[in-house]
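What follows is a structure written as structure tokens; I'll ask about it next.
Read from first to last, the chains carry the letters A, B, C and D; within each, the first residue is number 1.
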Amino acid sequence: MNNPLAVKLGSIQLKNPIMPASGCFGFGQEFAQLYDLKQLGAVVVKAVTLRPIWGNPTPRVAETPGGMLNAIGLQNPGLDVVCREKLPWLAEQDVPIIVNIAGETVADYVAVAETVSRQTGVIALELNISCPNVQKGGMAFGTSPETAAELTRAVKAVSSVPVFVKLSPNVTDIVEIAQAVEAAGADGLSLINTLLGLAIDLRKRRPILANVTGGLSGPAIKPVALRMIHQVYRAVALPIIGMGGISSAEDVLEFMLAGASAVAVGTANFVDPLIMPRIINQLPGLLAELGVNSISELIGALEV
Amino acid sequence: MNNPLAVKLGSIQLKNPIMPASGCFGFGQEFAQLYDLKQLGAVVVKAVTLRPIWGNPTPRVAETPGGMLNAIGLQNPGLDVVCREKLPWLAEQDVPIIVNIAGETVADYVAVAETVSRQTGVIALELNISCPNVQKGGMAFGTSPETAAELTRAVKAVSSVPVFVKLSPNVTDIVEIAQAVEAAGADGLSLINTLLGLAIDLRKRRPILANVTGGLSGPAIKPVALRMIHQVYRAVALPIIGMGGISSAEDVLEFMLAGASAVAVGTANFVDPLIMPRIINQLPGLLAELGVNSISELIGALEV
Amino acid sequence: MNKYLGTILNSARLTSNVFKLVVSVPELTENVTPGQFCQIRIATELSHDPLLRRPISVADYDPTRQKLTFIIRESGRGTKFLARLVPGQQIDLFGPLGTGFPVHRLVKGDRALLIAGGIGAPPLYYLARQLHANGVECATILGFRSHSESFLIDEFSQFGPVRVVTDDGTLGSCGNVCTEITAWTSEGLDWTHGFACGPLPMLQALQAQLAGDGRPVWVSLEKRMACGLGACAACTCRPANPNSTASGPRLVCKDGPVFLLGEVELGE
Amino acid sequence: MNKYLGTILNSARLTSNVFKLVVSVPELTENVTPGQFCQIRIATELSHDPLLRRPISVADYDPTRQKLTFIIRESGRGTKFLARLVPGQQIDLFGPLGTGFPVHRLVKGDRALLIAGGIGAPPLYYLARQLHANGVECATILGFRSHSESFLIDEFSQFGPVRVVTDDGTLGSCGNVCTEITAWTSEGLDWTHGFACGPLPMLQALQAQLAGDGRPVWVSLEKRMACGLGACAACTCRPANPNSTASGPRLVCKDGPVFLLGEVELGE
């Protein structure tokens, strides 16, 4: 019998379209205490940089209506530790790995991409050109089509696995950026990263986040994510990993209708740490209820 | 005794900083059944265009997590009816009027501005260059600094009252647009208009809105609004009317800390139709609790 | 119209997904016309989600004891919230809103035909009670998907003859309200004024069936709303004859929800 | 650690803004260490706001009857929600989380000093009960702003001597926990292990006062959290000595909330 949840992300075959969003799942070890990671379509790990990063001062998170801000600042143990400890452990869990990579310069990205793409279990890279919480690099790469394309080209040249470029929603025209990275050879797109936001502590007259601003995620941004995925899906041919506020099996299918071939669940893991296996278990029943044989039929099937 | 709620919007003196956001209050007649409009700092009316507009097909609104989408499409009875019926009625309520104006071409805007700015009771125009729900004009004017500046200049040339330019948040760099309209002679800024979003009816596989996409408003967008106001406040000298998700007296003060000299309450009027008088009544107590003598001390007082 | 705090007196299931809420609203002294509705707040003041109020028709009103009744079908998040309310809890109501049925256009001796599809029945119940009290004869057709989804049948029977029709024939005759109008008419049903509430396809079919009939039929429409008050233009509908005078857009929340069948275009 | 459904057994006010929730969690069979906490979900599954869970320390645990106690101060939206819960309602708990107090590092004859500031008292109560059961002597200093804000005094008294200190002198001595440590020490207080929980300024003052003391003092820290599990890096703190081995960032939710005083930088 065919697996109704199987999807293809370009050349990549996944047993289901559900994966964690980068930064919301660490390197998987903590959630593995709660359930078997093998159930997931893939695991997207926290952004990896060349050297270890401490990240921003705390507070790093703030709750907002229907969402949250974060300004983690890419805290991670750096390429060496990731390749020596984190990825080997994850590879043993028998789940496909997608590594989110970040850097301050093109050379940083290239160095990380070259090494990390060759680690066991890594099936794709996710190029984070959209982190709003670092001074250098990050979102700066993601708001200009030219720099986004240049970076994509450089990483593609060294990566041994497909490269997904993760776009920033903080732009006037996301389609323009998507087309630029498509032309530069990207194998797929991830969207969206967080919207830049500010939360204020009225009594202290200060921003809640030590970093002043942070990235807005969670259900609040879902309509913006769906709109951008829909726009991009119609304009480029690349497979899309969709994300932004997903918190139910219904949300997953809405993202696929808008054009996502797979989805990432981020903030919702904090609300319900068991959400991903729950969604995976609910999807077959929901598809049956909707009269859909294979989830991949829904990709881009929105009628407008 | 001094009025602790008094604020100045450039040359305009308001008895308090609370006004409805354009499009969420019609021309005031409906809410006047619930309370005396004289209590408000000002009334901002629905966008007025040269000719009557029917607007988009329905459904025109969709609920989203912590927010809503609208695609009204600038439905309004047109300049003649507004000047003949709506504004005279409002002027009789003894509340300052700010008229939001929209159009498809620069000439449209100019024609509306010229006439409407001379109506009794009108203290300012709000130039809507950020409506995401119309095919022509609207947001197109608000996403390029050049066209925004050109339109501002043209309207300033004919308006007999101060002109506030209402900016779109759907841009990479809102500061750049703000600076362009400042240079073009704007007297103030209103921000933010709605974020472009999409909501999907999973069972019908169709967008919920007949117009496909719509503008996201409500608490969900509050962090984005605060961030943009903060950025713009630091970069331009113009007074700002802040809006985007305000639904409490605390929210009002947060917007003022970020840099707003006055605020507009939009979507929250639908959640609680009595919200504006309630906020106005609560503000003096809240200020006292915070040890603030005059609300205008808070404008831009965020410590970063 | 005003914002009121109500206290749940009773919550009861009528079918597996339809429930009745009886709410005490001590401060309500306004008149409530059948066909008017309330915008019910879903979340408490500590939560922003679900954000918007839900429009729900008044299914009954007892002005001496200030008791409002709503009959609600659990469909999405908001109505699921309402279904969980228990006696003693408070809800925030904004209403009564809109223009209801023209109860007083009918006088003793007039003969009303009430046509309800599914969850369209509640507002017609309050209407029937008032018409009956005014000496108007009421005949009612209630359409449901099946026996298990039927409700309010005995209640309508207090006011006159009731015919039930179901899609699957598990109760009453098999068919829909249109086939039942035809059947009952051939058996001698006679009416002077019609009133209908139900799903859009039912109203469209009714409009086709009764086109040119001449007798006035009022229908209660649904439209996605934001303000419920006439201020936001979310709930616009077009007059059926755009060349008529007074041809501007009509608002379901203010000019409606009750319109004369044929007065406005029927659409989502 | 797991996600559990609990049922409120009891909700009671301890002061005007501190309340106690007793929750039955039949499926909880794990060990719960004093100092561990739960992430409590605020909104129901039908609502996205307030979105995040709230970290609340376990104030007591009865493993035979699977009853968890939380003592909570109403401050913002989330704790206001929790304050409205009534017996019979269900809550969604994720826990027990984090690394608690090293109860078993102390043995019969050791003398514990417990230092609590305001809402810092609850986790120390559960700790005191376990230490006492293990034969450890417990001396407790409870600091409050004033008499009206005091709570748990009798409860701590079951386990040993208690000194109360208030900012305004309305109960016990006038001062803060630091002045009380000094006073009590001069009156002969003798302890081998310290445990503290309270507001950041109190912990900072304690650190200054006890610098170089030599006796181990464990403190329970607070930090804004998202996952509560160690996966998101929201709750990082820096080791106080960045040149020490094992010098990577520490996580309050996983490596803490209990740290040895002096082990990590104290900050918001």
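Assume a contact is a pair of C-beta atoms (placed from the backbone, for glycine too) under 8 Å apart; a residue touches a chain by one contact, two chains touch by 3 or more.
Note that this is a predicted model, so its numbers are computed, not measured.
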If a chain touches chain B and chain D alike, it appears here: A, C
Chain whose mean Cα position lies farthest from chain B: D
Averaged-CA centre spacing for the pair chain D and chain A, given as whole angstrom: 36
Between chain C and chain D, centroid-to-centroid distance (C-alpha), Å: 54
Centre distance in Å when chain A and chain B are each reduced to the mean of their C-alpha atoms: 34
Residues of chain C whose C-beta touches two or more other chains: 48-50
Sites on chain A at which at least two other chains make contact: 64-67, 218-220
Chain-level touch network, classified as line, ring, star, complete or other: complete
Residue ranges of chain C touching chain A (in the complex, touch as defined): 48-49
Chain C to chain D touching residues, read off their complex: 43, 46-50, 77, 80-81
Contact footprint of chain A on chain D as seen in their complex: 1-3, 41, 48-53, 94, 223-238, 248-249, 254, 267-268
Residues on chain A engaged by chain D in the complex (per definition of touch): 23-26, 29-31, 33-34, 46, 52, 54-55, 57-68, 70, 72, 75, 77, 208, 210, 218-220, 247, 267, 269-274
Sites on chain A touched by chain C in the complex: 65-66, 219
